[in-house]
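These are the structures in question, set out in turn.
Two complexes are shown next, each including chain A; its partner changes from chain B in the first to chain C in the second.
Right after this comes the complex of A and B.
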């Protein structure tokens, strides 16, 4: 195994990387609103069901002009939403099932149309629909100097060597050599990303209210279903723009993963969108580099870049589930451990206080171990000694004056709760201990003038 | 609409005697029928709301209380009937109408703060495509302050208690600065402190000349909190001032046995309409 190797090559890597990045950013941005509305599957549905739209648009327009493709996709996107609603209503099935039925049928229809004789000569094949052709976006003659970067023709393409024609026969001896400008797919993607940002930027508050409270949005005059359809048109457009370069798998992943990952990082919508864009960029660039770098460790050939970006997006989501600062598994485990430790400490102090009440201020460790089980006692004792709440002398544990106050406060809360449950909630006295045992660890306490609890024990005075 | 029950003949309001679409009346409903999946939920509702009153909509489960509000606001399609606000159609009255949906109708895990939600009440004033300016944020903060929630403005809404969430909704309605408010169960599942806060706000609104129509569940508190009442069970059983209308007999008609006949008839119609056979 060797070190991962990746060499950035402008000719080979610039446009594939850029295409992946643009597709990820555009889809990632729009995906936020799908995740918020809990209709992430809609991205999946639309990215499949645009296929018949594209084929039919091609049949009508007889060309693959971007405008025809866009119109076909937009119509298919809206048709998907309408059909899903219809199936949901008439079939009385859950939304997920409705989406599943609609998009699989429409996708199949698209495949059938492609396979049919009428369009067989077109290079719309199912393979390219799935994983795209990112690797074909190489740059034949990349720029050689900084001067060229600032020349328009570098980006639009120009003729390097004109064709040579035999003047007598009119036969082409050598065909023209072109410098290829920015690939069409990258231009389309850039336009899509700009349009998506303009859409979300201009209608941010409208999209937010329509996603959060469609009824209020509608009564305020912001028609929630119109906004929903507009969003779906943009999702369909993003899907089509991304299709050719990166394939539908990456589109689906980017509509869901960055937004879902971002949702774990923050509780604010703007921050969520910012995070989702960062994750989209990280997944696309990281995935592209990894497609070459990781196989190189075993001396293998690079793998499909779009697939690798998709995996990267999934890896980021997994990482966020584990380490997210608010909802991550690690944070939750730490919180649980802290809670367990503080409960054990409370139990220890309460037990010591009860012993002290019965005239036994010094308690052998072994007897405490019966009350606060094993490992928790060690941690609780460690914590209590660090906070100067108990002393440990010769196997005998005793409360310090502060420890006595703290333990007293816990017992006070426990007995006040017992009193409250019996007097105010009508619970029988022999049933209240367990509930009080839980409530004593929490801040609220009943405000009662009682001196003794239902079992006749004195309630320690408040400090 | 055929007469289906003997109660229909004794309806207190009579369309012919009603002044047609009084411009004083914030809400005039004329022969409104609403059906879900062809099953009628509201039948032939006539109602004129008196201005500057607190009005409760009361009735059993499934009586169409929420649907009455949604039908008025165009949130569910009406099978028939007309609704006017101050004698004008809904489109011309939008900015004078406030709406508080049921608390359960939204996703409280949504990544917004309490203040963000209240600002939504200002969106119509702000208009399309424009960001929420500082002026509107201040107005929203004032609204939060009126329900005693100013110090929780930055809190994410899932971290609020049920009562606090209801107050956020109320603050959002205040931020709308409407003249007629529709509230769908504002008192559902709230603590005593929130209930008092809501009642105070309702009285403030009345003092400021506004009208409130609220779905209310607790019959005990109707006379204390409200001036007028609409007793609803698929149709308006009775409506008017609490003192006149909120009687044992009317309540019995609303909740009691007789109207189950109407409900049964509706079921039968629905079954026939959807092509199913009667059991």
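Right after this comes the complex of A and C.
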């Protein structure tokens, strides 16, 4: 095993990396609204069902013209949404099943059309739809100097050496040598990303309302379902722009994973979009590098880059699930632990206060263990001693004056709540203790002019 | 004519050579099992979870291949690959449940994440095999789209065995599955092991999915699980019939799809099978008598006709003339939005029911029976109006404006009170003769 190795090569890596990046950013942006509206799987369905649209467009246009492909995919995308709605409404079928029926049938149709002889001998096969052909985007003649970088023709492509034609016979003696510009797939992707940003930027307010409350959007007077269809058209467009380069599986992953990961990081939409773009960029670049670097540790050949980007998106999501500072498992476990400790501390102080009320200011540890069990007692005692609320002397626990005040405040809350529940809420006195036991840990308390609780015990005065 | 392939009839009747017959039999059994098992996936609203599951089998297949060849065994052995598929398929379902349990993400996102990430891992695995192994991944990537034609007799036997097991298990556990699918809360409080039954249901889905990936491919196997049961749902409201029909639809799709694809060159069986199932679905959606679109629109038309004829008779009664003039009918048609063909149908229905004696240029002649009906409608209309004005706060929630049911919905006492209130407003609505209220 050796160190992971990745050598950036302009000719081999620039455009594949750029294509992956653009596809990830475009899909990641749109995905935010799919995830929020809980229709992520519409992205899945559309990216399956654009297949027949593409093939039919191809058959009609008889070429891989991006415009024809785009129209075909957009029509198929809208047809998917309409068909799913129709099956749902006419057949009263639940949404998941309706989606499943529609996209699997359309995908099967696409596979069948592709496999049919007419399309077979052209370069459009089902595998490339799934995995893409990132690796074919290499640059035959990369830039050699900085001068070239700033020349437009470097990017648009030009003829280095024109073809040599025999003037008498008209026969091509040697074909022309081109400098290849930016690959068409990358240009298409860039246009798609710009269009997606323009769409989201112009309609941000509307998309935001529709994402959180479509009914409100409709009552506010703009057409939420028209917006929905527009979003679906963009998803279809993103799918078709991406599929050739990165394949539909990465499209699905990038529509869902970055937005879902971002959703774990923040509760604000703008921040979520920013996070999702960051994750999309990280997953595409990281995945691309890992596709070469990780197998190189064992001296193996690179793996599929689009697949590797998908896996990177999954890894980022897993990381966020565990360590997100807002909703991560670790943070939540720490929060739960702190809450448990603070509840145990409250229980300990309340118990000591009750003992003190009955004329027993010093309580043996063992008796407390019956009230606050096990490890929680250790933590509560530790906390209480650190905050100077109790003293531990020779196995006897006693409240300090501050501890007495704090314990009194808890007991006051407990008994005020009991009084409130009996007097104002009409709960019978023997049912109020459990509820009060929970409410005593929260700051607000009922403001009642009572001196004793329903069980006849004195309510400690407020401090 | 020497090397002409088997004819359609020969293939349909299993006389087209051993291999073709074997494949046809296998996909038929698979369709049967997928249809039967899929019913419960559909009823539990797990259609797309099954999709995620089938995508999640790909990394297992790649890993099993690598592991087996690393240990020196034959990597392409079907039981080994399918075991790997089961393993990651189940892992995928567990991952969905973990995401739902431990994060704030919703089911759609969880399914999409597992589907794409697991499939991505599988794609990476396949490309690794392709790039780094001399024998390549040939035979393994066939799992993505399926390759029924290249199945070995032993593969078909394995698939058939799993399918038969799935059908038998469902038949044995039909009662338990039904209970959990329709009312899991009730099942739980009556002491059934709901989680275990649920697990068994899911296990059967996993088994059928794995059995199907070789024949129809892992992207499309979910279609075999969902489509037959959704199609069968249009035909019946009874669970045993639903299961039976879904099985029949699935089997028919598998059978016809395999036969058709074996007849045509380069037609992948999986896609043809799914399209056949899609055809069954479309037919059911349109023509099924229980919930199909045609049946539903006929029922809606019937209801509209009944309401419209009541409106017409009511108008005739309220004008106090058995002859409803043409102008009056035109007015009604404008207000109620009746189209001309609808008016023709309406008059036909009224004559058929004996409410209209005849219609001429002058207008429609309503029969005594029609006038009595109109009187009843008019009375009910007035009573309802009074009811909504004075007693709407106790209106039962599901009453429609149906003429026949008013007396059944409201008590005699309440109707008497409404009549009294109407009388106070100077409105009298006597019941037609021979009709007691």
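Just so we're on the same page, the second predicted complex is superposed on the first by the 442 of 463 C-alpha atoms of A that agree within 3 Å, B and C clash if a C-alpha of one lies under 4 Å from a C-alpha of the other, contacts with A are read in each partner's own complex, and residues count from 1 in each chain.
In the analysis below, a residue touches a chain if its C-beta (ideal position, glycine included) is under 8 Å from a C-beta of that chain, and two chains touch if they have at least 3 such contacts.
Here the structure is a predicted model, which means the values were calculated and not measured.
S.K.: With both structures placed on chain A, which of the two partners, chain B or chain C, ends up touching more residues of chain A?
M.R.: Of chain B and chain C, the partner in contact with more residues of chain A is C.
S.K.: If you stack the two complexes on chain A, which partner ends up touching A:256: first (chain B), second (chain C), both, or neither?
M.R.: A:256: touches chain C, not chain B.
S.K.: When the two structures are overlaid on chain A, which partner does A:202 contact: first (chain B), second (chain C), both, or neither?
M.R.: A:202 contacts chain B only, not chain C.
S.K.: Taking the superposition on A as described, I'd like to know which of chain B and chain C A:38 touches: first, second, both or neither.
M.R.: Both partners, chain B and chain C.
S.K.: Taking the superposition as given, does A:221 touch the first partner, chain B, the second, chain C, both, or neither?
M.R.: Once the two structures are laid over each other on A, A:221 reaches chain B alone.
S.K.: For A:356, decide between first (touching chain B), second (touching chain C), both and neither.
M.R.: After superposing on A, A:356 lies clear of both chain B and chain C.
S.K.: Which positions of chain A sit in both the chain B and the chain C interface?
M.R.: Shared contact residues on chain A: 38, 263.
S.K.: In the complex of these two chains, what residues of chain A are touching chain C?
M.R.: 35, 38-41, 43-44, 48, 87, 90-94, 96-101, 104-105, 107-109, 111-112, 115-117, 120, 126-127, 130-131, 249-250, 252-253, 255-257, 259-260, 263-264, 291, 295, 300-304, 306-311, 313-314, 317, 321, 327, 329
S.K.: For chain C, which residues are in contact with chain A within the complex?
M.R.: Against chain A, chain C makes touches at 42, 45-48, 50-51, 99, 102-109, 111-113, 115-117, 119-128, 131-132, 141, 144-145, 219-220, 222-223, 226-227, 230, 233-234, 265-268, 270-272, 274-275, 277-278, 281, 285, 291, 293, 296.
S.K.: Show which residues of chain B lie in contact with chain A when the two form their complex.
M.R.: By the definition above, chain B touches chain A via 70, 73-75, 94, 97, 99, 101, 105-107, 110-113, 116-117, 120, 123-124, 126, 128-129, 131-132, 156, 158, 172, 176.
S.K.: Which part of chain A faces chain B closely enough to touch in the complex?
M.R.: Where chain A meets chain B, its residues are 36, 38, 202-206, 208-209, 211-213, 215-222, 263, 266-269, 271-272.
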